[in-house]
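First chain written, first letter: the chains are A, B, C, D and E, and each begins at residue 1.
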Amino acid sequence: RSGTEPGVAVDSIVLGGTAPLTGAASRYAAVARGAWAYFQYANNRGGVYGRKIHYRYVDDGDNPAITVTATRQLIQQDKVFAIFNSPGTATNLAVRGELNGGKVPQLFVASGATTWGRDYGQYPYTSGFQPTYQAEGWVYGKYLARTASGSRVAVLFENDDYGKDLLGGLKRGLERSRVKVIAAEAYEVTSTDVASQIAKLRASGADTLVLFATPTFAIQAYQAANRIGWKPKHVVTNAAAAASASMQAASFGGRNRLVNGTISIQFLRDPTDLRSRKDPATGLYRRIMKQYAPGANADDPLYVYGMAAAWTAVEALKKAGKDLTRASLVAALDTFTAMGNPFLLPGIVVKTAGKDHDPIEQMLLRRWQNGSWKAFGGLWAYPAS
Amino acid sequence: MTALLELHAVEARYGPLQALRGITLEVPEGSIVAVLGANGAGKTTTLRAVSGMVKRDGEITFAGKPLRGGPEAAARAGIAHVPEGRGTLTELSVIENLRLGAYTRRGRSVRADIERMADYFPWIPERGDQTAGTLSGGEQQMLALARALMSRPRLLMLDEPSVGLAPLIVREIFSIISTLNEQEGLTVLVVEQDVRIALEVAATAYVLEVGTVALSGTSAELRGDEAVRRSYLGY
Amino acid sequence: MAALLSVEEITLRFGGIVALDGVSFEVEAGHIAGLIGPNGAGKTTAFNVITRLYAPDQGRLEFDGRSLLETPAHRIAEHGIARTFQNVNLFTSMSVLENVLVGGHRLGRGTGEKEARAMLEYVGLGVRAGDLAASLPYGLQKRVEIARALAAKPRLLLLDEPAGGLNHEGVEELGDFILRLRDDHELTVLLVEHHMGLVMRISDHVNVLGSGRKIAGGTPADVRANPDVIEAYLGSEAGP
Amino acid sequence: MAAFFQQVVSGLASGSIYGALALSIVLIHRATGVINFAQGEMATFSTYIAWTLVTHHGFSYWPAFVVALVVSFLGGVGIHEAVIRPVERGPRIRVVIVTIGLLLVLNGLVTWIWSGEVRAVQSPFPARTIDVGGVAISWQDIGTIAVCLLSVLVLGAFFRCTKTGLAMRAAATNPAEARLVGVRVSRMLAVGWGLAAALGAVAGMLTAPSVFLSPNMMLTVLIYAFAAAVLGGIDSPVGAVVGGLLLGVGLNLLGTYVDFVGSDLGLPAALLVILVVLLVRPAGLFGKPRVRKV
Amino acid sequence: MRREPLRALALFAALAAVVFVLPAFVNDFRAQQFAYVGIYLVALTGLNILTGYAGQISLGHGAFMAIGGYTASILMIDHGVRDIATIPLAIIVTGIAGVLFGLPAARLSGLYLALATFAIAVAAPATIKRFEGFTGGGTGVNLFGIPELTASDAPLQLFGFELDFNNWIYYLSWTIAIAGYVLAWLILRGRTGRAFRAVRDSEIAAVSSGISLTRTKVLAFGISAAYAGAAGALFAVATAFVNPDTFPVTLSIFLLVGIVVSGIGSLQGLVAGAVFIVFMPLWAQTVSKSPGAPFVVYGGVLIVLVLVLPGGVAGLIASARRLTRRRQDFPKP
């Protein structure tokens, strides 16, 4: 092929992406900003085969219709090489068909829906990144099955693919165990609070509470349970992984005891983890933040997420070779292994091969204790289905 | 008698249309002055100019001081204007209208004054809580007058107070105004189409024609004036 | 001559206020009928009942032998009744001409600009056709309302204080105009007015309301001489 | 049965939050005749100010509360002077659009300044709950409802009995006539904006301990508050609070006991009920229908 | 006097010609952006009929667009109907929905109506999501997989011209937009339009002139919703994807913003309103990409526009026209 690949020049690669810079989901803009910062860092260290990565992200306000037009703009007008790491499930679903139709890579979708890996055959230009919500739910299930035999579980979940996938995973993890999900209550993103759901869950007589909710609602759930004097034995949440500040908020400076002992998973480095202060990887992260995202709140793990994805993208571009084409990138991702990502937990490998197209499938469990997360146990790996 | 209100070469316009082309008139303290004229002559606009409801040029002096600002300033200076149409606060109750009439005054004796209004207009007490906007046309007209009197003004400006009122009430209203004028020295500037009754109560009168003063004089003079008789009194 | 409009025993209350209390009167075809009474007597309310803006609590209402009580307000025009309002009620963002065109709404697509313009000429507003209705002086706005009402080609025209705010000359003209109107358009007119000179001069018949009740009815001369009317409304020194 | 009452109680708790914001919407409508889409964002902004004072400037709760109130009042007046006053005289819809612009600006500013992170805000009420026959009721909720009811009383008295309250209503409904009696209409409207902003700040401070502080804290609350205000009658403070409580309880009970509705159709169902109420009472439960004399 | 309509016609024809040739001068992607301008123009025309002319404020037009969009999408995906053929059906379905909503809503006025319409905008996404079997739930409907029903894959042959997707959607949108615009003009200049404005200015006087409030309002709702339906269908075809989040509450609000920017109660500025809706968010983020900053820019510009253009863009056009006319009239005696 001649060197006329869109977005690729002798000295540059243009990546594009959408992100909610405005509206209710605007916290996730941090993902794009983190990635941008890492690309700057990588560029200053020579880029990829001498090509600097220009990462251009545009606002979609988490509205899929805008994602479509914004993505078209990136491809048709800005001639980007690939779409990279746009957050959101519906938003990415909206453009997946079109991207694959146009053979444009939809690289490392920032969403844990199962469809990215599962439907790889149909949409080979699309790849996921993080552990799927199913995988995460499954880990919680396995953990409860092992350590809390006989307990009765109540689940609060968001009424969309995100919550439902987590719930599905949890149930799979609990299969053939003596732990039962005895109640599950959904909430809508348009709700103002979840007190009603928590009251219902409590009335079910459950002794374990699982929160598959976004940070605000998870925090509210702690508070609501506390207010009606419900003290379930175990609390599990995924939301904490998204922001540790939210756990601080939930615990109200330690006054809400329910928060202590909460279980969550983790696959990213936690920038606030005390033990990693001296860790070189964390040092690198903080340096990059300071230099390329000054003023941003470096404690927000969403920046880590963006950097982890960007780091992986650089590896993938390297593997795609000097004669970079969209096809060569997709081929490179078909069988792909990247170890030593400084923004993922040590030991976690980004890996795809054969039918398995979920890049990250390993994670650690951690527990909230006395104001911070403590990881425990070894890496869990979701068995490829 | 000194002039309480003086207009000197006052002009006003609505967009491109010049409604007042230099009005000069004088309202002596303690007198009743009538403004007459055909429809569209600028009578209403003259009153609006005084109370600042329209942009105006020229000099307006009230109690020796130049009058500036909008209607609220005029009200605060002691001018009560009962505008053309009704001028009640339609969404408020009758009593609330009266209370607001006394808005610029210090608290005292508001209740006593409300009672006085009830004497003038006996229907007021039983309708105290009725929303002003649902009163009949004439009732609203009376309420507007009562509201204006509540402020105990130095100058009362009435724009066609007789419109929509029953003949009996018209006479009653003018007798109230005369009485207040005689007993309390209330100064009144009244625009009226019923020239007969206007000239009965007013000491002096001005006749406007397309935005200027065409004629002025004492009521007696005007009553005797052939032209006035023919065009305004019809005999 | 048979009655064109008959109002029978109409009662209407607003909460505790009895605005109309068993009021009955008739208007004969071709007449100019005056409806007078003190402020708050219920005259405008009677208009509102006749035009179905208000539903009476009791009573019957017949126009040309048919009951109107089942007719919704917007069909009243179709029956041939049009009105003006005591406080001018124009379509303020429209031109004078458009106001009149809306008046002809019930006649369907047929009524064109030509007739509306003719109507404006008739009321002496031909040159103001293009002006914004709200920019006219009060007196002229009242005339626009009359033109708008006439555009519906009514058989019965209800006028609520048309002389309000007119000067002496204007009132005289208005009287002549109403008389001419009746003859030119074969109209019946029900006239609410406080200007006694006008009412007495042009009415064929006058009804008097007081506090929601009918207190008198008859020829202008009868009514003027009626002591109840003098007491409640005219006062002892009734005008000419 | 305890489960039922727990749902009612938690509905009252949510409802009091809707009612608190609805109250400030009603206030601004009564005092200026405007529906303010930015009311929620103004409340959020005020709450962030209080939060910053407490967390970064060493203020304790009540001083921070008072400062936030004062700043909000001034901010409300400033907003009126800067962007509302120029459009006040024209058609209402322009004012509405300006408030939509304000909503965007304030929401953007909050995100920009304080980031999207969720924050915990201290509550002025005890963290404990009381137990009534197996139903847990928290002091926070009792406090919120109490403050709402108190505000209703104060507002009602203010609008009905004081000269300024009367003048404010007059300025909102008949500005031209109000000026004729000497009311400084513009100043009244500015004060109205100030008071509404301050009341909004109270609503924000009451809301934040329950729903937690984030830039979009009030975005959905605003929708419920509108619904509550309309249900109660847009000019009625009592209606706003009752409307809020009814909405909160109604949503919970519909979601819990009507299977078809569940959690996902709760909001549509509640809105449908409100529409039906409006068809029967077009001016809301406590609203006075506007009668225009013909 | 007589020349006025002719001149307007000529101007309109000239503008239509510009619309026709525009794609030849801009790049492919721009054509698509302008297609969205056309789509919003359709929606704004409808909303202005209802809100600007009939005086019935609607904060719920996004919901009508959603009905149109889903009608088109479901017809395409489940019944294999070609994109262009879905539009008439979308118009009919939404028009009926508008009438059904208008029947009760006609009883409400002012703020109560505004909030009733707002309620449908709020309720629409949840309701769509709930009836998953029909609407695809939160996942939505993806039209990209059916290229044979749109020009999304292969260029379309039309009268010997070859139209790729972007140009196809451009011409489709603008044909409908222009047709809708002319239709609106025809409706509004005559008896029906006068009835709308009469109801807006004074309900009482309108009733007394023989205008049925219910009929007029319901008609306005129906017409207006039908426009929104057409816009929604076009939107779905152009975006090739619908889900509940594509018709958020903010869409309804921005449509209202659009007609105020255009100038309420006038057809002249509508294109400007549509341009504002499409391009303003894009421009706002070029100023700053910090989270939240685009909203600050957008909101700020919106406020300034409303302050400096009291009559919207239409008002600006009108005063410009007054100026030139006065200059022309001057020499005449």
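By definition in this document, a residue touches a chain if its C-beta (ideal position, glycine included) is under 8 Å from a C-beta of that chain, and two chains touch if they have at least 3 such contacts.
These figures come from a predicted structure and were not determined experimentally.
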Which other chains touch chain B while also touching chain E?
C, D
From chain D, which chain is the farthest off, judged by mean CA positions?
C
Averaging over Cα atoms per chain, report the distance between chain A and chain B in Å.
75
Hey, how far is the Cα centre of chain D from the one of chain E, in Å?
32
Where chain B and chain D are represented by their mean Cα positions, the distance between them in whole Å:
43
Counting only Cα atoms for the centres, state how far chain A is from chain E in Å.
38
Show the residues in chain B shared as contacts by 2 or more other chains, in ascending order.
134-137
For chain A, give me the residues that contact two or more of the other chains.
22-23, 26-27, 29-30, 159, 188, 190
Out of chain C, which residues touch more than one other chain, so two or more?
44, 53, 85-87, 89
Within the complex, chain C is touched by chain E residues 190-191, 194-195, 197-198, 200-202, 204-213, 265
Chain D contacts chain E in the complex at 29, 35, 37, 83, 86-87, 90-91, 93-94, 96-98, 100-113, 115-116, 215, 223, 226-227, 230, 234, 264-265, 267-268, 271-272, 274-275, 278-279, 282-284, 292, 294
Applying the document's contact rule, which stretches of chain B touch chain C when the two form their complex?
14, 38-40, 44, 84-86, 123, 127, 130, 134-139, 141-142, 160, 163-171, 193, 195, 231-234
Give the list of chain D residues in touch with chain B in this complex.
163, 166-167, 169-170, 173-174, 176-185, 288, 290-293
Give every residue of chain C touching chain E within the complex, in rising order.
51, 53, 72-78, 82-83, 85, 89-94, 98, 101-103, 105-106, 108-109, 148, 152
